[in-house]
């Protein structure tokens, strides 16, 4: 069992190394090493330290965040198909980004902020809708609120894109497919901040997740206030997911599949699950990003497409095992 | 102008006149001053002799060849096919969302980008690596003149730039004079079928068509490729349709176009898209080819 | 120890109280049983204790403090409750599940160094040691029920509340469960068992409270409550209470309303 965990750590480490050493341009390993040490050809240094390294760092952070967020939502909603974007995050973020692009904003950082704001607004809407519908203990009401807000966001996006020039549509579509192509150290620092705030909080509440996973009444018997605990778990996990969307657009399947991998490796106790999900998620996204930028080099595949292509068969195999 | 003003006013008003004149001169000269930003709003790189240039759009690649800087190109996009010499320049992939790594590996001292929102990230990345970047975008003929000048300055060929711009302008003038006195038929320029896009007044193609002696029915739409409704096309009832070979097929195969008299009467003119497809150094030739389509025999 | 003082509970939107002015004591050293027909409010009492439904009136005192004033973790340190329905969303090993009972005693970041000891002891008492290595999705209904009992025992609280602890259990395990509850109470725990198994209750409980439509219909020793004149109107079914000396406790025998030759 810990052998498999060790394998996961090694695999993630390997992915990180590969991510920095491999790219559309061939750089000899010795040159990679020299660049990391701060020496050697300035162009190689720029490629390794300014183009590849921030991407790998951001990929690790995005993957870890999505893994953790997905695991929290699956536990709190008691649903194996829950994923980080469930509570309005994807719809709201996409609507915010598309709105920014449609009104002519081209500065990536502004689009990022618009996406983040859109996500938070959508999550607030979902919670509000659920509360108005009398959400006392039923996660299904929350899920339905998420679907409703998501559908509304999609409608808004379609309206915005219908009258927009081709460039806007292309830009919006690209954003929605997820990409780390623009990764800079600044973006990684911002997401690291979000993760530094939400991650420890979620780990702190891992015990609550264990109790919630048994059902609301049983959770109460173990000393948890089910509604309050669920609410803060949803909000924190959605905040983390919103952070990843602001940094990299919509990257699907990671938050859905990684928690299952984690549970398969270390069981269902959430402190372990969240930690392993972070590592597995990070490694997975680093590997996916590496594939996205090398498979059809010099063109880049959208990250969300790669994670979906890899994620679907993986998920099917998971389903068979559950049966 | 300033002298005229001074002569009109009395001695007492001369100070005011002088101030007004000075402001006027300032205003005029501001218009003549080279702008300090490129088409993406970023500051221009300094004018230098650049020896390793990567050009990431077909229009700028052919412009650089025209400026005599073609042998200094170390990278182009996969779509840059003209002139023939361009094919020997290494292909670095797409011009929109280029691979930063691949471009950097070519060790350029200047990257010429197509100015669009999608390229903001790339521009930022190149600048952060200390590579000079200029973002250009040519939608109209006057943008071509500006781009030629800016590019000429930045790569160290300001004199050639003037020559190229003047030569293109001269050809356009020649075409305009030849067709000026002829009747101008109305034309519809079909850009895309679904959604239905026309070439609007904001596009160089619309300007070329006017120069070539026709009237674009959608010239009153300010954008380069506005979305129009089919009913509007019917209402404006153009005498001719101008389309590329691919669009010609679409028009022939889509039933609704039969409702247009121009189509029923076979008045569809096929443009040479390799010539008119982009606003580059061959604008003059493009105008000539359009004029020959619209007014056969005018320009031998 | 738990004291229910004239507790009333009404579900939102309901026309009548689910529990109406119920008073009952769960004292240390005794096995108290709450019985009654379906819908008589038995489980509602447990949910009110946990704060899952608000009290319309009355109070519930846990070791002297009102339950609404106690933070949930503190309540979970004083009372171990095994609720009626519990289902892990994701399969978990038996050992991991039983160790969840230690959660109220350990902080969010702490680990109990003696956790395994607690788990082993509780599992031995509940006779589920061989289930510790199995996964919860592999257990039968009865095995899961017994594992849940182990978890409540691992919680090591002075008071134990169990809502229908013998569902899915066969005769042997039923008896074993109640013998365990009885021995725990004799060792000083205050035990409350909500059950519909009148015969088991009558054999093991020290005190029985009969609920009917949310109110107390009868309370006292098993002999006091197990009377056909009391039970028949509550259950609305013809009953006979027999006294078999071999058993040593009153036995309820329901009669048939329809006979084979009546059809």
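We just call them A, B and C in the order they show up, numbering each chain from 1.
Following the convention adopted for this analysis, a residue touches a chain if its C-beta (ideal position, glycine included) is under 8 Å from a C-beta of that chain, and two chains touch if they have at least 3 such contacts.
Please read all numbers here as calculations on a predicted model, not as lab measurements.
A.B. asks: Which chains lie in contact with each of subunit A and subunit C?
C.D. replies: Shared contacts of subunit A and subunit C: no chain.
A.B. asks: Compute the centre of every chain as the mean of its C-alpha atoms, then state which one is farthest from the centre of subunit B.
C.D. replies: C
A.B. asks: Quick check on this structure: which chain has its C-alpha centroid closest to the centroid of all protein C-alpha atoms?
C.D. replies: Most central by this criterion: A.
A.B. asks: Measuring centre to centre with CA averages, how many angstrom lie between subunit A and subunit C?
C.D. replies: A distance of 44 Å separates the two centres.
A.B. asks: Could you grab the centroid distance between subunit B and subunit C? Build each centroid from C-alpha atoms only and quote it in angstrom.
C.D. replies: About 83 Å separates the centre of subunit B from that of subunit C.
A.B. asks: So the centre of each chain is just the mean of its C-alpha atoms; given that, what is the distance between subunit A and subunit B in Å?
C.D. replies: Taking the average C-alpha coordinate of subunit A and of subunit B, the gap between them is 41 Å.
A.B. asks: What residues on subunit B touch subunit A, complex-wise?
C.D. replies: 40, 92-94, 96-102, 104-105, 107, 116-118, 120-121, 124-125, 128-130, 223, 225, 227
A.B. asks: Mind pulling up the subunit A residues that touch subunit C in the complex?
C.D. replies: Residues 74-75, 78-80, 204-207, 210-211, 213-218, 220-225, 263, 267-269 of subunit A touch subunit C in their complex.
A.B. asks: Applying the document's contact rule, which stretches of subunit C touch subunit A when the two form their complex?
C.D. replies: That would be residues 47, 50-52, 72-77, 80-93, 96, 100-101, 103-104, 108-109 of subunit C.
A.B. asks: Name, in rising order, each residue of subunit A that touches subunit B in their complex.
C.D. replies: 23-25, 43, 46-47, 50-52, 101, 105-108, 163, 165-168, 170-171, 174, 181-182, 184, 293, 297-300
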